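Shown next, in structure tokens, is the structure this report addresses.
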Amino acid sequence: MPTFVQIIEFIGTFAFAISGIRLASAKQFDWFGAYVVGVATAIGGGTIRDLLLDVTPFWMTNPIYLICSALALVWVISFGKELVHLHNTFFIFDSIGLALFTVVGVQKTIVLGYPFWVAIIMGTITGAAGGVIRDICINEIPLIFRKEIYAMACVVGGIVYWCCTLMTLDAMIVQCVSGFSVFLVRILAVKYNICLPRLKGE
Amino acid sequence: MPTFVQIIEFIGTFAFAISGIRLASAKQFDWFGAYVVGVATAIGGGTIRDLLLDVTPFWMTNPIYLICSALALVWVISFGKELVHLHNTFFIFDSIGLALFTVVGVQKTIVLGYPFWVAIIMGTITGAAGGVIRDICINEIPLIFRKEIYAMACVVGGIVYWCCTLMTLDAMIVQCVSGFSVFLVRILAVKYNICLPRLKGE
Amino acid sequence: MPTFVQIIEFIGTFAFAISGIRLASAKQFDWFGAYVVGVATAIGGGTIRDLLLDVTPFWMTNPIYLICSALALVWVISFGKELVHLHNTFFIFDSIGLALFTVVGVQKTIVLGYPFWVAIIMGTITGAAGGVIRDICINEIPLIFRKEIYAMACVVGGIVYWCCTLMTLDAMIVQCVSGFSVFLVRILAVKYNICLPRLKGE
């Protein structure tokens, strides 16, 4: 039986892969290209984190992430046109994935003995770097550098994780509160169209 | 005296570097830029593989790969215009390189004790990721995501490697059959213009 | 009290981050995106070097580099329009950073026991790869592949480092001479508009 965290992780990986595959399909990628972009979106952030932390990339120990991305590809091939109607559902799933990935990234870094400021960066990389790799693969300027609060939600979640730990709360509670704060910041930012200020070009 | 595998490796590195340098020259890169793109094409895939496997990148233990890429640069500078007539020769060399790089990638991963599904991915990364890095450096959408069977030939070769190993064939035979299958898939795909289906954008 | 090298390092990091943030601002990135591009420019080269050398990325052991990049962001936000007049100052700072980063990269590689040809490459990566990552992030063809002597100054500095070491000069002198040669090559190349030849596209 999969645990609750595993189910969440599956949903998050699926949602991230879908986002990559859909953007690849808009550029007329073939099935292989779309799969690679989907996988890169889903596991790219965690892979960069694991390379920086010098541990074996998480997806090399369990094929579930690649299988999950393959299911996402089958899903998009089968129901391509109808996915537009599921826009809000994917947004919620993507936000759940973002929250979980951030918490996993922070936690893994702390366990390895790094200070909290490194853990916050690793949580943000885990959540948001996959989308940057995706956008580089499809030759677009990374979306999260220009629009919407996305990576900042991870930063907030990391800081909440830190504060909760300082208050010596139970580990399970820390993770839930942190993940929920990522989710909440992301949802509120989109709902109320909150953006960071832009720099004015010269 | 170089061994047979070393000669093949030299040819493959040379062909991969040429492909990078020629695309860089189409974008008016200077000699340095063209060399970097050539090197990145030739050793980029193996470098990503070695970083993921946490071993020293192969080219850092032997300067032959960088020298070989430098020879490719000298060649393009000297015979630039005439290379067009060698199109078919380069295609054959490139396919030989693809086959060898795939086999090397699969074998190295298996020796390190990883399961076969990881080895197939590493073989594919060794063969095909260099071309992705090349295309990102020249600011184009990676070719292998949109056209032709290229990385899929590596995947087929990896699966053949696995099947042959399951049949407990001799290691040398396994490698030859696997490499030949990569070569054959690549040649046939180009000859008969076989492509993967494309995703239809929304 | 910070040492002389630390002050130089601070200046170099600041100048590199400014260059990333200014290019990001020309593409209307938001504050977060500009910060990420600034950080990537400042620490990207050293991070790739450390991943290849299999040591902990330098910025994960000391938050000063991220703080320094944050100060660069505050600076650009505050004085954006006026920075144009400081063009020459930034050019000098950037060249100082390039020189120091190259020397640090060469030295770190030698200390780890690698041969000199690897050290020269690592010095060049430390100095110049950040700018490549910056240009990929803003979806432009990397500047150093097409214009000006930039990475070649690092290569020259690395070779000077090697020659001085062969002459068994004192380590401090070797580093100063090597760094100064990077600085000089860069300044002279810009002053006299010296470029590498370009490849003619087919």
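A, B and C are the chain letters, set down in written order, and residue numbers restart from 1 in every chain.
FYI, a residue touches a chain if its C-beta (ideal position, glycine included) is under 8 Å from a C-beta of that chain, and two chains touch if they have at least 3 such contacts.
The structure displayed is predicted, hence computed values, not measured ones.
Two copies of one sequence, subunit B and subunit C, touch each other mainly through non-matching residues, since under half of the numbers at the interface are common to both.
Matching CA atoms, the turn from subunit A to subunit C amounts to 120°, rounded to the nearest 5. Distance between subunit B and subunit C, defined via averaged C-alpha coordinates, is recorded as 30 Å. In subunit A, the residues that touch at least two other chains are 51, 54, 136, 139. Subunit B makes touch with subunit A in their complex at residues 51-52, 54, 114, 117-118, 121, 132, 136, 139-142, 144-147, 151-152, 195-202. Residues 21-22, 24-34, 36-37, 47, 51, 54, 56-57, 60, 63, 66, 76-77, 80-81, 83-84, 136-139 of subunit A touch subunit B in their complex.
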